[in-house]
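In the two complexes below, chain A is the common chain; its partner is chain B in one and chain C in the other.
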Partner chain A sequence: MDTRATGPVLELNKAVPSFDESGLPPVPFSMRLMPGDCAVVEARDASRTTIFADMCSGLVPLTDGSVKFMGLDWNELHDRETNALRGRIGRMTRRQSWADFLGTHMGIMLQQLHHTTRDMEDVVAEATRLSEWFGLPGLPVLRPTMLSDGDLLRAACVRAFMGRPRLLLLEDPLEASSADLEAAFLGALTTARDKGAGVIWLVRNNAVWQGYRQGITSMWRLADDGLVAVRTG
Partner chain B sequence: MSSDEIVDPTFQHDVSIRRVLLHLVLPLLALVLGILAVVLIGVHSYRTTRAGVQSLTHELLGAVQHYIGQEVSDYIMPAAAGNIIAAGMIGHVPAAVQDRVFYSYGGAMLRSVPQIQSFYLADDEGHFTLITRRKDGKNQERTTLQVRNGHKVFHHDYYTDDGEKIGEADDDAKDYDPRNRPWYQNTENSNEIKWTQPYLFATDKQFVMTSSMRFKAQDGHTLVFATNISLNELSGFLDKIKVGKTGNAIILDSKGRVMAGRHLMQQAEAAGWDPNKMVLNPKTHPVFARGFDHYRVRGVGAHSFALNGKRYVTIASLLPNSSEGWILLLSAPESDFSSFAEQSSRQSLQFAGIIIVFSIVLAGLLIRQVRRSERSDRRLEAQANQISREVSAVQQVAVTPRLFELSNDSLVLTEQLAHMAQARRASIWRFLHDGSAMICEDSYDLKQDTHSGGFEMSRTEMEAFFQAIEEGEAFTVARAASDPRTAQFERLVMREVGTRELSVHPVHNAEGIVGALVLEDASMAEHLVYFVDLVGSITGVRLASIYNRSAEQPDAQSTADAMHQALQQAASLPATRFDNMLMRAPQMGGVSASGIYPAVAVLVITFSDPVVDGSAETAQLLALIDHLATEVQRIALERHLFAVEVAGHRLICMAGCTAEEDPTALIRMADAALTMRETFMAALSASNLEPVFTMGLDYGAAFGGAVGEEPKVFNLWGQTVSVAELMAQGASDAGTIQVTERVYTELRDRYLFRSRGAFFAPHLGLARAYILAARR
Partner chain C sequence: MSESNANPREPGSDRDPILEAESKRQTQHTPFVLHVWVRQKLALLGRLTRHQLWFFLIMLGACWGVVFESFRAHSWRRTVRYEFGVTLNSVVGGGLIATLFAGTLTGVAAVSQTIYWLGLAGLAKMTGSILVNVVVREIAPILVGILLLGRNGMLSVTELGLLTTSGQIRSFQAQGLDPFLLLVLPRTLAFTVGGFTLGILFSFASLVTGYVISRISGVITNPVWTFFYDVVGGMSGADYIIIPLKFITVGFVVGVGGCLTGLTATNQDNLRTLLPRGFSRGLLIVMAVSVLFSLDL
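Showing the complex of A and B:
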């Protein structure tokens, strides 16, 4: 349990994304996500959602302000540190993100194998456990293109929750998914939050997260004029 | 931070390096550079001074040498120039007055020039005339070589300086012939002035040298005029001359024989009055000997050399107007001239030393100052960290749902309190409405990570402690056992975990003091800025909501007693049912055909699938399973459980299947669960197997009944059963008993629990799960 990690997990401090390179409106974005927080960000535009998640991962150049993850400014770090830091982010994205020359299992485990010194067996065991948790019969070893959309979504869930993510950037995982995935997803989400992860749940409509209403700590809307806080409850 | 990360992005080393560079290396470097500059300047100034002093020394020595040369020349001049004058005078007078001219010239010279000893005049016929001073140095003596009676005699006439004759004498001249004397012979075929080797008169200790000159008289005879000049006076003069402070001068001839110099007579005596042996002795005159060597190699001029660790300068020059090859050698230690320079160098070195010491002190002060400011920076940073930790702890507290409702156990309060204060144990106590007792709402043990609560302390037991809380002031006791206020509390509560320090923060609300926060062994308690107050206020609000409730009847009996009582109460229950594999003859007494039971305790035990190969192992495993099943039967009977079902790898135990709520059911079930766990552990480890089971326990409403044809099978359904199954499946480690929040609420004053955190369960939403650790 180290929910007592000090300071916010993610802090957008008047970060102005470069419009040319991101397509996001060049207005200041401000947001603070503490460990264990779950922020729902509503956005109609799917590509903008992805770019916003990129910005949180330090992938979008800023013209002003700063984006800090675990107190570290993305812009002030060297490549080595930046990459290591991204290893602490669990992400589900709508963008094509599976390498098709590898089996899905490798795609799932690659992050842990690359960034940590954990035993292969240990990682496999965790991946298998999570796969079962998310309703797969086991760790999928087929290539990603061979999996059905539903199973690929489950695999994406497994990949996002692998290891101990400090930040989860989840782009609408529950859309067009079966109800059993919802229960597993919310269970995994709660466990991760309990271990101190901050969650940004990017949704397209607010119906999906209603079942988890009591667990949401803040609610935002990604609009043309930036990030707008929405009253909850 | 997870330790298995390959690159730790939070590790930032450049800051500390820069800090060390800025705070330590830079001042030290500046100091070293300063010292180096001072030393370099000192060395440079010493060198230039020394070079200046050296050239000055040489110039000075040159001047001295010039002066001595002049003096020596002046000293010898009467002998050299006098010869020419006398020769001219005598050569141009008739032979009859030659003697008179000689005497008058010689007399005048002897009276006025002290270094002149005597004059000779000889001719080619063997005539010889001499004029000299008397031995007393006042009167004059005129000597002529005469032949009397066929014998050569010296006839001496004595005159006063005024020319008055005062006596005469003769002595035998033996076969003296002036023409055989060296001063006569060395003028052969020359009309230049010639010098003889110096010779010593041992009798009157005179070191004399003769200069002679040949000329023609009017009558055609060849005459030789000679002047004897004493070098003693020259030595006396050289003796008096000081070169520098301790240096002196010496005159040598080209063969290194001493002509004049200090202590000439001693040298002459040592040489046995032989001028040829009066050479420079390196033992007695090491500096001159070395200087002469330098002259012989390098010629005239100034030469510096070191001798016995001391530097000397010598200057050699040829003397003008003197016998050929005479050398004037001056020597002096360099220090005589450069001592002031050395002194000034030493002084500047001392100044440099003082400056260096000052700079070191200043640098030390600077470093000290920097380190102090750094330390205070660190302290500020630590304080800022503490504040941010508190903020994050507050955040954790704030996100807890239903924080202010007492029905919801806000375990986060004690957990965060214990973490923030680094306390061994943090607990929240509340007074009963009449103040007669205190009940522990929640107690969190940081070391074991377990929660407990529900126990009670009555006022009669610890009046002093109650009064101390009711005073309303927070207090900290370093040794709880020795303080009268807390001695009883220490004995009853703290001694079991071995804590010593106690800090108590009373909880206030509108009703006054309603309870207290108690921290044991809290090392950080004094650094907490506001967190304790905040938790106190939250607790105050929480307690206010129930404070008006009617007096509660705390169950003060111990777990063992309760168990005993529960068993006694359960004695009237129907005998345990063993269905399916553990089925016995169906006994349906007391059970309605189907019905709803309001409070059923359900324990689900799941076993992981055993891996077997070979029939021998299978047989062994079956024997073990049989053993375990028998044990379960035994325990179930002992605890009066309602039924035990076996389904696949699951074992479902239930208690409390009565129409009325049975308060003992859960206690019996929990006790059975712990006993089964111990039994299973023992049996599995005896067979050298890992604990391959997990247990889940829930308590709540369920429905069930006997189904099927005879023999009917009893079955139970409902959320309680499925949640218990979920608990068993989701247990963190093998061999643990995971329970729901409801079980925890019911049992926390009898058992120790460990919080596992919040979980999301389908149809249930967010809920907490606990691990049942042990009996209290």
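Showing the complex of A and C:
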């Protein structure tokens, strides 16, 4: 599997999602995200936002068009290649994503431990550093159900930014969050972009991203007629 | 207040009085037509048959998948090894006391009684072969299978069922974590190793207890190594393959069955539907394996 080092990180080329499988409108979605870009996608419907992020991750079957990540079409890849490629996506989702039989620390590090051969100490050190960056006292080892919503949100931020993600799909991370998390989040976002990650920041409320207005490269709205570009100026 | 409303819904009852009254009201307006009734019953039977066949075929595929993937070095990533270790610890470590206790009870109830009655009938020479055929080959795999199912199989059904119904499996997939590789493969193999280990320990515990009880009650006077020599002498060449294979297979199918029942849960499922389904399927699987190995083909 040869990934492309240059060119768009993510490319939606008139991709028509299957309505039966996704519930998204069966209209062509087109979008291009370059390394270091940060696109804000505004959507009122929370479930639609999650499904759109699924489509970017190649989890939604298409009836037409293509979705390419790092130059590779999700539809043309085998399961192993698809999974390996998804290992390079950092994601924050509204969907339940913490398995209670694993400690939170394992939930945070699972993707890195599964997809990479990095030293365990190295992964733990990065997870601990990011946990502290996002305001946790250290790497949380309790079960996810024992953490507060706020701490779980911080842990989700740590998980999304672990490793060196090439694409970040972030579903409303700052909604109802504290000011210190906002500063940490925007700092981590900038660092990830500097390292070449493309970011899709999915929001319900426009006020959330105003503090990062200068850093936004494009703005979109997820509507019934597909993905509509919005002027940011 | 009407009479039907005055009767509250009983705790634990599946019947919803409101839905029941609504469906009754609808059926009251529909005239009885024989061919429609027959078609409905046939459709129900077909659905049931298809569903059972569907699960059986999924299970066959998953069994092959586990065997195939387990021989690929690439499958044994750190996360898979971690899950294997945790499950094995839970199956063997957690089930050790229960298995030894069940083996001891079997020794008291079955082994010592067998020794006693065979001695009384003058068939003491057959003690070894009968113990091997009845206790080690037939009773041990079934009891160990049921213990595995109850202790860890149902846990897998619950954990994976909740992961599936709450959408966490989808979240795993979004991270590139294949649920089959991450959960089904290591858990099934841990159950397989656990089934063999616990089966051997169960057999040993039951035979030792049976010997001790018989020795204390004065039914036999042989030393313990003579007793075990008789038991080993009662085993045929095929027993050395079939007995371990039976323990291994029981563990394997309980593991696959539990994981798949959890992973095939739908949004309509909850613990009240999942647990009985998982238990009945598991029990059927254990009995089917036991019968298959007992067939004199």
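The rule is simple: the second predicted complex is superposed on the first by the 228 of 233 C-alpha atoms of A that agree within 3 Å, B and C clash if a C-alpha of one lies under 4 Å from a C-alpha of the other, contacts with A are read in each partner's own complex, and residues count from 1 in each chain.
Operating definition for what follows: a contact is a pair of C-beta atoms (placed from the backbone, for glycine too) under 8 Å apart; a residue touches a chain by one contact, two chains touch by 3 or more.
Computed from a predicted structure; not experimentally measured.
Asker: State whether chain B and chain C clash or fit side by side on chain A once the two structures are superposed.
Answerer: fit
Asker: I want to verify one number. Taking the Cα centroids, what angle sits at chain A between chain B and chain C, in steps of 10 degrees?
Answerer: After superposition on chain A, the angle is 80 degrees.
Asker: Of the partners chain B and chain C, which touch A:59 in the superposed model: first, second, both, neither?
Answerer: second
Asker: State whether A:115 touches chain B only (first), chain C only (second), both chains, or neither.
Answerer: both
Asker: First (chain B), second (chain C), both or neither: which does A:83 touch?
Answerer: Both partners, chain B and chain C.
Asker: Once the shared chain is lined up, is A:95 touching chain B (first), chain C (second), both, or neither of them?
Answerer: second
Asker: Return first, second, both or neither, reflecting whether A:131 touches chain B, chain C, both chains, or no partner chain.
Answerer: So A:131 meets neither chain B nor chain C here.
Asker: Determine, under the contact definition given at the top, whether A:22 touches first (chain B), second (chain C), both, or neither.
Answerer: A:22 contacts neither chain B nor chain C.
Asker: Of the two partner chains, chain B (first) and chain C (second), which one does A:191 touch, if any: first, second, both, or neither?
Answerer: In the superposition, A:191 contacts chain B only.
Asker: Which partner chains sit in contact with A:218 here, chain B, chain C, both or neither? Use first/second/both/neither.
Answerer: neither
Asker: Can you tell me whether chain B or chain C touches more residues on chain A?
Answerer: After superposition, B is the partner touching more of chain A.
Asker: If you take every C-alpha pair with one atom in chain B and one in chain C, what is the shortest distance in Å after superposing?
Answerer: Minimum over all C-alpha pairs of chain B and chain C: 9 Å.
Asker: Which residues would you name on chain A as touching chain B in one complex and chain C in the other?
Answerer: 82-85, 87, 115
Asker: What residues on chain A touch chain B, complex-wise?
Answerer: 1, 3-7, 34-37, 70-72, 77, 80-85, 87-88, 115-118, 163-164, 183, 186-187, 189-191, 193-195, 212, 214-215, 217
Asker: Can you check the complex and tell me which residues of chain A touch chain C?
Answerer: Counting only chain A, the residues touching chain C are 53-54, 57, 59, 79, 82-87, 89, 91, 93, 95-99, 101, 106, 110-111, 113-115, 120.
Asker: Which residues of chain C touch chain A in the complex?
Answerer: Answer in residue numbers: 77-79, 82, 159, 163, 166-168, 170-178, 182.
Asker: Okay, in this complex, where on chain B does chain A touch?
Answerer: Within the complex, chain B contacts chain A at residues 2, 4-10, 385, 388-389, 392-393, 395-396, 399, 401, 416, 419, 449, 757-762, 765-766.
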